[in-house]
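Consider the two complexes below, in which chain A is the common component and chain B and chain C are the respective partners.
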Partner chain A sequence: MPTVTYAGHDVIVNDEGFFTDPSRWREEMAPEIAKAAGIDELTPRHWQVITFMRDQYRVKGTGPTVRVLGKTSGVGVKELYQLFPRGPAKTAARIAGIPKPRGCI
Partner chain B sequence: MTASIEKVSIIVSKGSLEGIYPGLIMANGARAEGIEASMFFTFFGLDAVSRKRHEHIKVATVGNPGLHVATLIGSLPGMPGLMTSYLERKLEKLDIPPIPEFIEMIADSGAGIYGCQASCDLFGLTKDDLIDQVQAIITVGEFYSLAAGGQIIFT
Partner chain C sequence: MLGVMKRIVILGGGTGGTLAANRLRRVYDDREAQIIVVDRDDEHVYQPGLLFVPFGLAGTRGMVRSRRRQLRSGVFFRRAAIDRVDTESDQVHIDDGTVLGYDVLVVATGARLIPEETEGLAGPGWPGDVFTFYTLDGALGLRRALAGFAGGRLVVNVIDMPVKCPVAPLEFCFLADHYFRRRGIRDRVELSYVTPLDGAFTKPVASAELGGLLEAKGIGLVTEFNTSAVQAAGASRLVSYDGREVPFDLAVVVPLHGGAEYVGRSPGLGDELGFIPVNPRTLQAAVKPNVFALGDATDLPASKAGSVAHFEGDVLVGNIRRFLAGQPLAEGFDGHTNCFIETGYGKALLIDFNYDTEPLTGHYPGRFGLPLLRQSRLNHLGKLAFQQFYWHGLLPGRDIPTLTRTRR
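Let's turn to the complex of A and B:
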């Protein structure tokens, strides 16, 4: 699996760019991961979602679905797709350094 | 990089719960992966976007061998409602939304929602009879233009 450097730290990611070890993630890495995922600038609204993803992962061991994000992160589904056009749950999980949520919804 | 799908157009032609959900799950799943998606509701599939019917979609309890309920029992009064609420509870546990909420979510994800012109003519429906998420009632030709360059999935 590839090793990439974010904010001066080497991390191992899988073929889709997701961290294999979420504990290696640091906040200062997020803007660089976001750029690699096609998002040029992280706004406070992006951060609200990213922080929520990390919190959910800590509690549940998996990232939330778009439905859960839309209902409980404080950012609705429409805005989620504006912030993360290539898929909110997937892109936000990647930027938050947690595994890609696996599920059909 | 391996091959990727950039765009899907999903046709929903059936009006039963089990006829509608697969198309919704595929459209929502496409958007979640960043794939462009649109949905085209035709024939009884229009019930999924009909103001009058979208909250009352039922499982087919007759003529549905996969359900493993004898036809005579499936035809008893109240059976469709009973089986539907049983399945709805199971779907909710899996975080799969009810049909009206699901379609709203898919529309919010940026997917296009369309009704079929020929079916609307057949059933005497106008845009006012369809939920707000329906962007337009379109002809089959317009559907093909919209679908151009992507994959078409018929359900």
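Let's turn to the complex of A and C:
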């Protein structure tokens, strides 16, 4: 699996760019990961989602899907897509340093 | 043996509730436990049959039966709507004002379709040129619409996961391909499958196999499409949150799913979508030790399918016995799922997987059984035979062979 450097730290990510070990994540890495995902600036609304993703991961062991994010993060689905145009759940999970949300089976 | 008679209340008389009630009735006699099933109606629909209705491959006779009559004698059936559950006082509030106390509660009220949560669904055009086959009325309406469809763009769209029987929308595509070929108009129909997932299915091995089948049958695949609105009448199109559009002449939509409405009125019982958080191995609810859940009602990362409810039934009943006897619960459920996937032309695939194992190849249940992950006539016949087994084997709570477990 590839190793990448964010904010001067080496981290291991999987082929899709998700952290394999979320404990390696540091806040200062987020802007760099965001840039690579096409988001030039992280606004407070971005951060609200990113923080929410990490909290949910801690509690539930997986990040929420877009639908659940829209219902529970305080940011509606339409705005989520404005903030993270390439897919809110996946992009926010990548920036938040947690695995790809499991979704459902 | 239990000292004082216990009361077990089961909410929902569908697949999971019925088989749980019948299994519990077998292990407890009338003096040990009173078993009550609550449901708001007495119509048990054979849901796997709905897929075939739009194509005229199945009649509707025998598809709806009395819920009450699927229950063993000695199981009480209470026809009533549920207002809410108060897990603190161990009571179910019925909407006529009566209160039903319980020692153990089993939540088996399944999943509910919520078309109204998507802009444009449940509005004009619903039905019109937008249909679903997830209800009997919807499936019958779609049958008429398909019969009158002379060509054009047909899209099959899953709004978002989770949905009941996640392979059914794919099966619909395969059967539609065959249906239009039979009618000699396949070349005039543009078929596409529009999904929020990043592939044809959630499990990678099966996803590759099913994606290949779509391609071989000339069915388009649009992935990572999160539908924000369905526009009908005239400018009929699906619109995604990221601004993509898929125009259609006929749309077959699987609406958003959530848990039963009363779950939202029951503090602590469900998650944000109304599904019941349970321990994935024991099926005990997170809210309180004397609450259990099975079938489509749970939040488990397993398919919402009758086979899952069946495999859960065994574990659930064992753990209710252990709970009432004051013993530790067994971590017996492994996420076992198995389903037939109709692929058209009288053939079907069979897939079998659990929490940890990808769909396996080989045969089920033994070397000379049905071929796994491979199209065969035998699997199609298995799927058809399943309807009889459903009423006479699965609901009464008889065992069927398990694959994953014996392979471990």
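By our rule, the second predicted complex is superposed on the first by the 103 of 105 C-alpha atoms of A that agree within 3 Å, B and C clash if a C-alpha of one lies under 4 Å from a C-alpha of the other, contacts with A are read in each partner's own complex, and residues count from 1 in each chain.
Criterion: a residue touches a chain if its C-beta (ideal position, glycine included) is under 8 Å from a C-beta of that chain, and two chains touch if they have at least 3 such contacts.
What you see is a predicted model; the values in this text were computed from it and never measured.
Superposition of the two structures on chain A shows chain C clashing with chain B. In the superposition on chain A, A:102 contacts chain C only, with no contact to chain B. In the superposition on chain A, no contact is made by A:9 with either chain B or chain C. When both complexes are overlaid on chain A, the residue A:76 reaches chain B alone and has no touch with chain C. By the document's definition of touching, neither partner reaches A:26: not chain B, not chain C. After overlaying the two complexes on the shared chain, residue contacts for A:65 are found with chain B and with chain C alike.
With chain A as the common frame, the single stretch of chain C that clashes into chain B is 132-140; none of the other options in 78-86, 132-140, 348-356 or 366-374 do. Residues 65-68, 77-78, 81, 85-87, 103-105 of chain A lie in contact with chain B in one complex and with chain C in the other. Contact residues on chain B toward chain A in their complex (touch as defined above): 25, 28-29, 31-34, 94-97, 105, 108-110. The part of chain A that touches chain B in the complex is made up of residues 65-68, 70, 76-78, 81, 85-91, 103-105. Across the interface of their complex, chain C is touched by residues 65-68, 71-72, 77-78, 80-81, 85-87, 102-105 of chain A.
By the touch criterion given at the top, residues 160-162, 166, 196-197, 202-203, 224, 226, 228, 241-242, 256, 272-273, 301-303, 337 of chain C touch chain A in their complex.
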